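Order as written gives the chain letters A, B and C; numbering starts at 1 within each chain.
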């Protein structure tokens, strides 16, 4: 039996306003295509307006004034946030499991907090510290002298190399590897000599790391992901990098060694940054772009190498028409040569 | 003792035609460089013709009329397919293992089909259903309420998050993670609030997923990989994506959230598509390219952003010569200025 | 109690020269920012000269003549190599663990060398051979008939598919998958038929492979990583590839099937190479670039497609200014038209 709420209750829950029937009963939240009359759906991306006009949903979450005729509306100043909160209301997170599996392997001197869950075949090595209400999924490996803060969840098969620090309320998805050796070699006469990697990985509070993402330990200093930063799947963060708080790294992006990224920055999918850069706060790097220079605060860049986003866009428009541009230049050359001839001038300048 | 076949038997097996000695005895299949007189090799890529002329192979699989002097030939309309079938003939797949390891962890209410194999340290959580003849490799984690169809093989260390559906005859390589949370956040005053990810991952029949590839669950709807699609290593398929049947995603490619890719499409290596796109059937995206717009059926695109493949190629040719083009434009400017002077015109237009 | 050395002892250890007080006591090595008077730091990247001038470090490793006023100096011809050696001196590697965990799973006919360590929940299948002093981390899976050479270390959760060969003194980081099926399909009438992948992965001596990197087995021949090559995280090496000795593949780079890369080559981050290429020795491919053609020895290339690095750089400079170049061409066209008119010529040439 799903939960049911009146539309006005939902509006109160998210601080929004009802346009239409405040007593309409809503029993869930669904996509525009799948919602029926007892469901609320949402229009947060104008791309889907046509679909919104045809939806059978009983109500829609919309931005103020973003209404769609024929539906009861829940107007919210931040409709996507309202959507997230109603999802939680209808689907509260499952209770965390509790207890230590007898088929986990727990080392000596391990500190386990209250209400911890450790799943089968997890390994926690000597001297590590696991905070209250932490969940360690099946097959995770926490090497020696790590610490994991309260309420952090490690999904199956996460690996923390020795000395890694993870903050509170983090979510680490399957296949994450924290603390692998930074990729540092001193090359002499063609032979690559390994540079010992002695720093740590430090993940602050409220960080999420996507599946199969890797963060390498620093050579001497630490590699740090500051609080509130969210990182998607298959991302690479190299040794000695610092990612400022509340940043976003989308899937398959990568940050090379010793680069610092300021708070509130965004790397879109498959983007990258070279090493030893100083990237300021609030920077946005477009998908598939590559940063090769320091960036000032608030820069929005695109391209390889990344330049100002508008400049890149205008250049791209011309790029597509380069064959035509070249043809035009050739034609002009002919016309100029004809003019020169008509004026009796030699064509010495022709190249 | 390797198997031996007459060349005509091999031709019958693949529906091909012998040019040369039908009774030649063939005891295996090998590369052009390594094959000896009792082996058959193949010439399916014209790049290797010079090598084919020097091979010691006793026979060659070739396309009709694609012969190489001095060898017995097996002509096949689809020589690469014939090659695949002969490989199977000489190297039939090993028998699947059967039985549940005593060191696997099986939850309550798990349904295990006939002749299932579950390897050591695999975890199958409550309520999941494993079809007949399925192989679950060492260290795999199948969370609660998943289903895995008949004859599907999970190689070591595959993770299925709760609720994931995998069809029949699929092959999931090591490190695959299905059902991780979609990368969805509602950002308010710089704080990224997690949007619950409630959809599932649905993998239809006959799908292959490469090592360390990740497919995220949808926010509300499902993320779907349709039947017969083949995905290479380290690929990212984001939340709410649908990949049409019999498509190909090569290594390190990525598809962002809510994008739909039509059947029979191909993404080459390190290619990508932005989110919320409608990419039609039979599309080809060249290696390292990035799709930022909807694509019509049969489009063949390249570049960042991806444009028609021929247009991109022609533009690239000019791109390489941009310094020369600019020099030519400067030279023309000088010549035009000289002409203007000769005609007594002011140079007001010069920029 | 940290180790202490005189500066002259450190200089002797690395074959360098002291400029300043040879008796200064040094108790460790630290970054420019964190080093105190009893620590040695280093200036190997000129980018950090300003920071070096402010450091509190008691001494600095510098290149010959690369001094910084006010510090005792250790001049070394290869300062980064000297830095690596001093790191090892102050932080000798921990002793390798030894012993077979009772919760590991060891198959039949497995050969285990002397002083081997096998961690909990590791699986070694029938017929595999593990050399002396090898470490097999928690949750590793070594399928049947593999061999691992002396002193090689497998960090947690490495997977070797059947038949894989790993040489001596290798370091394989967590999540590495060796021997997954090459991505080979024979497509007939839209259906992708799997081509059996029967070759092996062969990793020679002194190779390092980063976290979650994958190397696929060859179709018939082997995929080979030659000795001394170092590969970073999340790299893809496809079937039938050969990477020459002492090469470098940085994070998220990828090499497509059957391509051969010569010794001493470098692929920077997120770079790639198409399949069936012959890339010679000593090649450098810039970050984010994609090689689509054979390359001669010593080539240094950049771009998509990759061209000579200097050509690419010069073209990029013009690319950014394409809108201005186009505007200039349009202006020239107008000026030429005016000249033509002034001379009484028709404007037939205008396009």
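Everything below uses one rule, namely that a residue touches a chain if its C-beta (ideal position, glycine included) is under 8 Å from a C-beta of that chain, and two chains touch if they have at least 3 such contacts.
Quantities reported herein were computed from a predicted structural model and do not represent experimental measurements.
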Spelling it out: a chain qualifies if it touches chain A and also touches chain C; which chains qualify? B
Please state the rotation angle, between 0 and 180 degrees and to the nearest 5, that superposes the Cα atoms of chain A on chain B. 120
Chain C against chain B, contact positions shared by both copies (same if over half, else different): different
Chain B to chain C: how many Å between their CA centres? 24
Residue numbers in chain C touching 2 or more other chains? 103, 121, 139, 157, 175, 212, 234, 252, 270, 304, 319, 322, 325, 329, 332, 336, 339, 343
Given the complex, residues on chain C that touch chain B span 103, 105, 121, 123, 139, 141, 143, 157, 159, 161, 175, 177, 180-181, 183-188, 190-196, 198, 212, 214, 216, 219-221, 234, 236, 238, 252, 254, 256, 270, 272, 274, 276, 290, 292, 304-305, 307, 311-312, 314-315, 317-319, 322, 325, 327-329, 331-332, 334-336, 338-339, 342-343
Can you tell me which positions in chain C touch chain A when the two form their complex? 29-31, 33-34, 45, 47, 78, 80-81, 83-85, 87-88, 91, 93, 101, 103, 119-121, 137-139, 155-157, 171, 173-175, 208, 210-212, 228, 230, 232-234, 246, 248, 250-252, 264, 269-270, 287-288, 303-304, 316, 319-323, 325-326, 329, 332-333, 336, 339-340, 343, 345, 349, 351
